[in-house]
Amino acid sequence: MDHLLSLVVFTPLVGMLLLLLIPGSNKQLIRYWANFVGLLGFVVSLPLMTGFNKGQAGYQFYEHADWIPSIGATYTIGIDGISLLLVLLTTFMGFISILCSWSAIQDRVKEYYAMFLLLQVGMLGVFVSLDFFLFYMFWELVLIPMYFIIGIWGGERKLYAAIKFFLYTAAGSVLMLLGILLLYFQYRAQFGVYTFEIAKLMNTTMPLDIQRWVFWALFLGFAVKVPMFPFHTWLPDAHTEAPTAGSVILAGVLLKMGTYGFIRFSLPLLPKASIDPFIVQVLAVLSIIGIIYGAMVSLMQKDWKKLVAYSSVSHLGFCTLGIFAMTPNGLTGSVIQQINHGLSTGMLFLVVGVIYERRHTREIAEYGGLAKVMPNYAVVFAIAMLSSAGLPMLNGFIGEFTILAGVFEINKLWAGLASSGVILAAAYLLWLYQRTMLGKVTNPKNEGLKDLNLREWAIFTPMIALCFWIGLYPKPLFDVLEKPVAQIVERVRPGYLQQQQQKLEAPIPAAAVLVEPRPAGHAQ
Amino acid sequence: MDTLFFYSFAVLTLLGAVLTITRKSAVHSAIWLIVSLMGVAGLFLLQHAEFLFAVQIVLYIGGIMVLFLFVIMLVNLEEAAREAQFNKQWWLALACALIIAGEVFFVIRRGSDAFQLPPSVAPAGQEGNVQMLADALFKNYLLPFEVASILLLVAIVGSVVMAKKRI
Amino acid sequence: MNFLDSIWLIPLFPLMGALIMLLFGRRLPNSVVRFICPGTIGFSFLLSVGAVIQLSSTAEKSHEFIQWFWMPAIKADWGFLLDPLSSVMILVVTGIGFLIHVYATGYMAHEGGFYRFFGYLNLFVFFMLILVLANNYLLLFVGWEGVGLCSYLLIGFYFEKKSASDAGMKAFIVNRIGDAAFILGMLYMFGLTGSVRFTQVAAWFESHHLPAETAAWGMLSTIALLFFIGATGKSAQFPLYVWLPDAMEGPTPVSALIHAATMVTAGVYMVARSHVLFELTPMTSEIVAVVGGFTAIFAASIGLVQNDIKRVLAYSTVSQLGFMFLAAGVGAYWVAVFHLVTHAFFKALLFLGAGSVIHGMSGEQDMRHMGGLKKYMPTTHWTMFIATLAISGIPGLAGFFSKDEILAQVYGSAHGSKALYVVGITTALMTSFYMWRLMYMTFYGTARSHVHAHESPKSMTVPLQVLAVGSVLAGWLAVPKLFGPVGFHTFSDWLEHYFGAEHGGHDIPELALTSLSVLAAVLGIWIASRIYLKVWDGPLYRALLNKWYVDEIYNYLFVNGLVKGGAKWMFWVDRNVLDGGVNGAGWMTRTVSTLAMWWDTWIVDGLVRFTAFTVKVAGYPARLIETGQVQTYALGFFIGVLALLGYFMAR
Amino acid sequence: MAPISIGHYLVVSTALLLIGALGVLTRRNIVIILMSLELILNAANINLIAFSRYYGNMDGQIFAMFIITVAVAEAAVGLGILIAMFRNKGTVLADEINLLKW
Amino acid sequence: MTDLYTATDHFVLLPAIMLALFGCALLLFEFVLGGRDTRNWLMSIALAGLGATGWSLWRQQVEINKGIDTINAFNGSVVVDGFSLLFNWIFLACAFIVLLISYRYLEIEGEHHGEYYGLVLLAQCGMFFLATGMDLVTLFIGLELMALCFYIMVGFLRGQKRSNEAALKYLLLGGFSSGFLAFGFSILYGLSGSTNLHVIAEKISGRSATDPVLLLGIATTMVGLLFKISAAPFHMWAPDAYEGAPTSVTAYLSVGSKAASFAILLRIFLVALPSAREAWLPVIIVVAMLSLLIGNLAAIAQTNIKRLLAYSSISHAGYMLLGLVAGNETGIKGIAVYLVVYTFMNLGALLVIVAMRRADIIGEDVDEFAGLVHKHPVYAVFMLIFLLSLAGIPPTAGFLGKLYIFLALIETGHWGLAIIASLFVAVAIYYYFRIVRSMFIRTEASETAAPPLASSWGIRVALGITGALTLLFGIFPEPVIRFAQESLYR
């Protein structure tokens, strides 16, 4: 099919429009329909996986059409390995979050699902766009439904959280737009043509200082979304206040838009700025601060969801650190970690959601000893927690380790500092687990809680399966990512791949390894 | 001679204007406004704009001022006259006006070299001013003239709509 | 059947057991559980025996088997390696594991969550087998973390008990510190050699002929040190040993299996695995030896005065692990592994025996309330008696051979030293003392409580008996050359071949050393028999009783100080500085307008209109311009003109 | 005395403009404000007439005529609105009309 | 010169003639046949007038599309070119929608008179001259015609104090500014001896930039024009006038008047005063920034939506001025695109407020919008689209306008301005979203208890048109851009 990708992107939109035709009072039908569309969205995205040729560099399922010739904006979409994974993650997580809202959302059901499907369109669009203008459209399209999801179906401070989310991200993205335009005119100055197409913009050669400007502009847009360290304060609020599915999709997919932006746009378009020592250092340091800081702040939280939210800051720090290592492992690991974070943090939020639905409180102190009452739930939570903490055989480890390996190639100190995040992750997650699941059931309200029901199992089972799959056999992911990542690295650090290859193959002279050769007398 | 006339008309104009805006009673203001406008009319005359002079006298002084006086009678300004005539920001406004005057003065002084107009065309003959005016008005400015008629119609309708109790 | 190619089945059986238990266990009757779980381990044991026998008959004494390409980042496979070292380990793990499983069927019979317990236990064995069978560091790390997880789960098995879950958490987190170092070490290793596969790494080291790093601290030393830090976490060495005593909160079979026989020895195994590296880095080896020695004496000193039966054993374990590192540090890797094996037998036995005592005493763990149990629990008594003799180093029993060999190596090896030997022999003395103190307090004398003690069931005593036999015989696998007939060197030959033993150094006065260590053992027993119930109040005693206050110091420094304090501080920064910064930027906006939040609050709180008005008016100049006075507007206009002309004037 | 130049007229008109503006800005009585507006427009007229004469074309005069027309219309409508307001509010003081603000 | 009134003159003037004819007819109609049962006729005549105007504009458009640059009439004092047609179409659309939404609204307000329709058409007639005029006199008279109509329309609810007050304030300040404008025009005339913009440009280009008289002329002209587009600091009439005026008039005022004022502003700055660019450019920059600052900040605290939109329209003027600051092709095109887009989104937003006005309910307060989505989801969703568009969030049309402004600024290297302007987008989101929040999130029952909206076919049609175009221009903006491109630069 020629338009498979468009089909994937716009299936939720069509579903949403049809959803609007269903009378709002018929909640059950709306639910069935929305879940059907969610599933359908996932199913239509599966051919992408089977049809994807991982040996082929460049974009696949490419579609191109003129859109706004006057300013050179086109409808150009296509995916490479990186986008493929994120698209699949999106369709999958989209379905999961729609499914998990079945009983959690009781009022304004129609609007809710409409918003979710719209959100889905925006997210998918971001990951497939190969035209900056189109990308920006989708990028902003995401804001509105998310605003409503937080604002209407959120918790107590939903208004504050929703507008904060909106303002932060909108402010960042407008500045990003300026960066895009700067790039656009740079291209125009060289080639005399207006275009927003990424593939063409890649040919622009820019002096370093312009690249820096563009880089920082794009950085603001992406960093707010990720969110990187000083821009993260919207995240805990948004996560905490959003309904479960909102948090899941926010953590699972939305944040990835920022990291994806870095990988897809910042690095290949601005190779010189990306490798600029100052920029790299600043970003790496911010990432590391994010890792440690997010983890430390997590430790302090009394609110279950907020804890998970701050843990996102920490995990995303790993992702950005991997990106700015700009090594094949770093980038690959970053993408994989993005997928992993989607799954594991998504699961953690779902876990919170399950209990929130039953007890309507997120205070950790309210719980304790749930393992006794809800043993299955405790198992699921344990798996989610361990996956998030990076336990080997589960997905988190693969990503974190690959990132660390990638970072290590560049700077050992960074890797060392980042690895402390691994320790802290165990600390805050286990402590959370202990406070909520273990011990005696102290709160009488918790005594009669029901364990997971069938629908909840249906949500968790595929996620757990994926966690194990990625943990045990991540090779397909690596295969898919190999070509695009190599391309990016080649652009940013020309020759690095070869050099690395040679280094591994060539014998290392002893002097390179040792600080000082040993005095001969000691030889045995 | 022209000089003398100019100064006297100028003084008349400005003095009338100053008095217009300082008199307590609106009626007095209106009368001083008439004086000022007559000064302007005098200036028109000095510049050989006889037709405009006539218009100024007839239309303004005869027309607008009647309108003003009419309104003054209508809205009964007795009480208003007893209250303070200037608002609280008068000093600020005065200061601003003086500053602007100073600025204009300064600008003109500083750039007096640049202050050059294209050479004056020989003044048109005194006779036929009205004729020339009519010529221009009905040839070159036919369109604004027509538009002005609509403008006046709007003004008439508008003031009627506004002022009438019921329509 | 070709056992060598089916070594992947060895871990698979316990995994299947674990999955069955965790997925369906709740629906299975205990009798089935009791059958399945030890059964899977038993199978694995049989497979292991088969594989080892087949291995011994191959020429290269090593068999690698790769299942799938797992982790592209550092080119790590999911593959298994069976060589002498790992064959020893799988035998220990499956063999002792099997016995402990059997024991646990009796011990845990009355506990809730029977299936869960066995599920975890099977899972543990699975991970442990992965750990020892892995063909590369990364997969080893999988097992490494996995056993940590299971340890966490099992320590916290009585999760309703806060102290238990606390202990589990502590174990996991402390281990994680080591793990982070391990990861970095692995990355270093990969960066250097381009592989993390044991065989390739070793080949690389050999082919590059690197000189050892004695004079300077280099990359190799760093890697080795990072690995060792990893090992200290898992094997409870100073300063990361603190979790192990707390881990005794878990059920006793767990303590026996995980915290005595197998998991805690993973560090030793890993160091032994990396022996090529450690041989190249004498400075790190020295550190290993010193840390090991220090831990040995330090833990032993704490063990002297503890009253909880399991804690004594826990500190004893720490101390014995120290011994193993001591051996590894001086380059006697095979000895370390040898001690590992013997220790597995007698320490497992001791724990199981202690468990039997606790079981018989209905949960009592404080030795001050025991005494005179000999006549109630004869089997337990005599098996424990043997184990205690073994650990004390009485000739003829397992502990004697291995400990003696360690001391000999410490004294005589090229990397050893006299000082460490003194530490070692002192520790041996202490060991003997506290173990006999334990025996005396528990089994002899008069009963100090009214609990009606009873002997444990068969399922518990039979494993005790088997282990007791093991504790006697294990040592004879490697009789010092001084004594034994040639045939009894199976073990040392098997491993020395692997480690490429190099016995340079001095000639070892073996007889003298052996006599000395026997003397220390006997002296310890004698002292214990004299003063086993004494409490001598003094600062030293209190320091020992309080474990040198290490927990308190850690708590103060790290938990409360660094982590919680830091976290608190950071959260404050987050709320006040960062958000404040942003809000500060928004402050201008806010002073010029009302933030919706404020406005809402006012309405909700029903604040008097006047306040709202004043704040509103006073706060927001932009609106303030709009006074509603038309002339003010005109004035604004006028000022605009003024400014404009002013600008024109100025240019 | 210097001969009367175009500059003199400009000065007079500027002064008239400022005086008119001052009236608008300071007087409370709206009727007088409207009168001041007339002064301002007349300032423009003075300019136009002077320039018209200077250039000898009629454009300025015609412009001035239109400005007078506009002034008339504005005054008429202004007074109309004033009456409507006076009817509703009973005041002609500019600073008393402040319903709409902030 | 010889012919007083040629066929070309007629052709050019035809739309204005139509407007004037129908406008006057409506004025007279009410005088002659005043009564309650004539109201449908009024509407029909007015629509017919717009139809006729549209037809004559279309004929001009066809002519222009043939490739003729400009059609001069009346000795060049009125021209038809792409520029004028572009603006005229905007005026026409605006007047059309205003008519559609006025009917029911005036009924409710109880001020349904033929004069209103006449004034709408005549105001458009004035706008026509603002777009086509090339001569100071024509421009001035057109401006005054439009302004007068608006003074009256703003005060059309004669019985309401707010309306009176708004009209009076608007008139006093409008008169004040016209005075300055007239003074400025007189000086421009004085410097060139002609009222034709081209001649003025030619004469001025020879003068130095420090020429005091020129500066005085520019300054006074500028303030007059900036007042009309309600740019800060000459904006202060706008909030009061917008708030007090009948909402349909607010719509007309905020869109039609603003567009027309931009037409004259662009004509004068681009045709007559390009040579003095270095003199006025910094002023425009400052004014634009001030407009953004004041417009956006003051809007935050508003609870009256009309007033809020007034402030937002000030900030929109600021954005458009930034296009003039850039001054290149993209910038001017940007202003045009922005205006087109602004027309539909702002009209849309205001017409929702029009619909909110019903018996006993003013419907202008943010709180009165609470929970709108429950009772009237369509209105709420459309309002959402308009507000998003006003805030400049894709995929709505408003984004296109802002994009063009940013494009122009970046292209000409005004990075700092671009950054500031873009940051104000975030501020704008904040206050627009207070309305969104009120409509969608707040669940107070105030709306559900209230009577249904004052919906009528006119409002529904207008809502459909504005809403659809706001979305459509956002998603497929090519036609708008092409239209602007071909109108301004062929």
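To keep things simple, chains are lettered A, B, C, D and E as they appear, and every chain counts its residues starting from 1.
Just so it is clear, a contact is a pair of C-beta atoms (placed from the backbone, for glycine too) under 8 Å apart; a residue touches a chain by one contact, two chains touch by 3 or more.
These numbers were taken from a predicted model, which means no experiment stands behind them.
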Q) Hey, what chains does chain B share as contacts with chain E? A) C, D
Q: Identify the chains adjacent to both chain C and chain D in the sense defined at the top.
A: B, E
Q. What chain sits nearest the middle when you go by CA atom centres?
A. A
Q.
Using C-alpha centres only, name the chain that sits farthest from chain A.
A. B
Q. Centre to centre, by mean C-alpha position, how many angstrom separate chain B and chain C?
A. 99
Q) chain D to chain E: how many Å between their CA centres? A) 26
Q) At what distance in angstrom does the C-alpha mean of chain E lie from that of chain C? A) 76
Q.
Just the number, please: Cα centre separation of chain A and chain B in whole Å.
A. 71
Q) Can you list the chain D residues in contact with two or more other chains? A) 6, 14, 20-21, 24-26, 33-34, 45, 50, 54-55, 57, 59, 62, 66, 69-70, 73-74, 77, 81-82, 84, 94-95, 97-102
Q. By residue number and range, which residues of chain C touch two or more other chains?
A. 596, 616, 623, 626, 628-632, 634-635, 638-639, 641, 645, 648
**Q.** Where chain A touches two or more other chains at once, by residue number
**A.** 159, 163
(Q) For this structure, enumerate the chain pairs that meet the touch criterion. (A) A-C, A-E, B-C, B-D, B-E, C-D, C-E, D-E
Q. Taking the complex as given, what residues does chain D use to touch chain C?
A. 21, 24-26, 33, 94-95, 97-102
Q.
With touch defined as at the start, can you tell me which chain B residues reach chain E in the complex?
A. 104, 107-108, 110-112, 114-118, 121, 138-144, 147-148, 150-151, 153-155, 157-158, 161-162, 167
**Q.** In the complex, chain D residues that touch chain B
**A.** 1, 3-4, 6-9, 12, 14-16, 18-23, 25-29, 31-32, 34-36, 38-39, 42, 45-46, 49-50, 52-59, 61-62, 64-66, 68-77, 79-84, 86-87, 91-95
Q) How about chain B: which of its residues touch chain C in the complex? A) 87, 89, 92-93, 96-97, 99-100, 103-104, 106-107, 110
Q) Along chain A, where are the residues that touch chain E in the complex? A) 67-71, 111, 136-137, 140-141, 143-144, 147-148, 151-152, 158-159, 162-163, 166-167, 170-171, 174-175, 177-178, 181-182, 184-185, 213
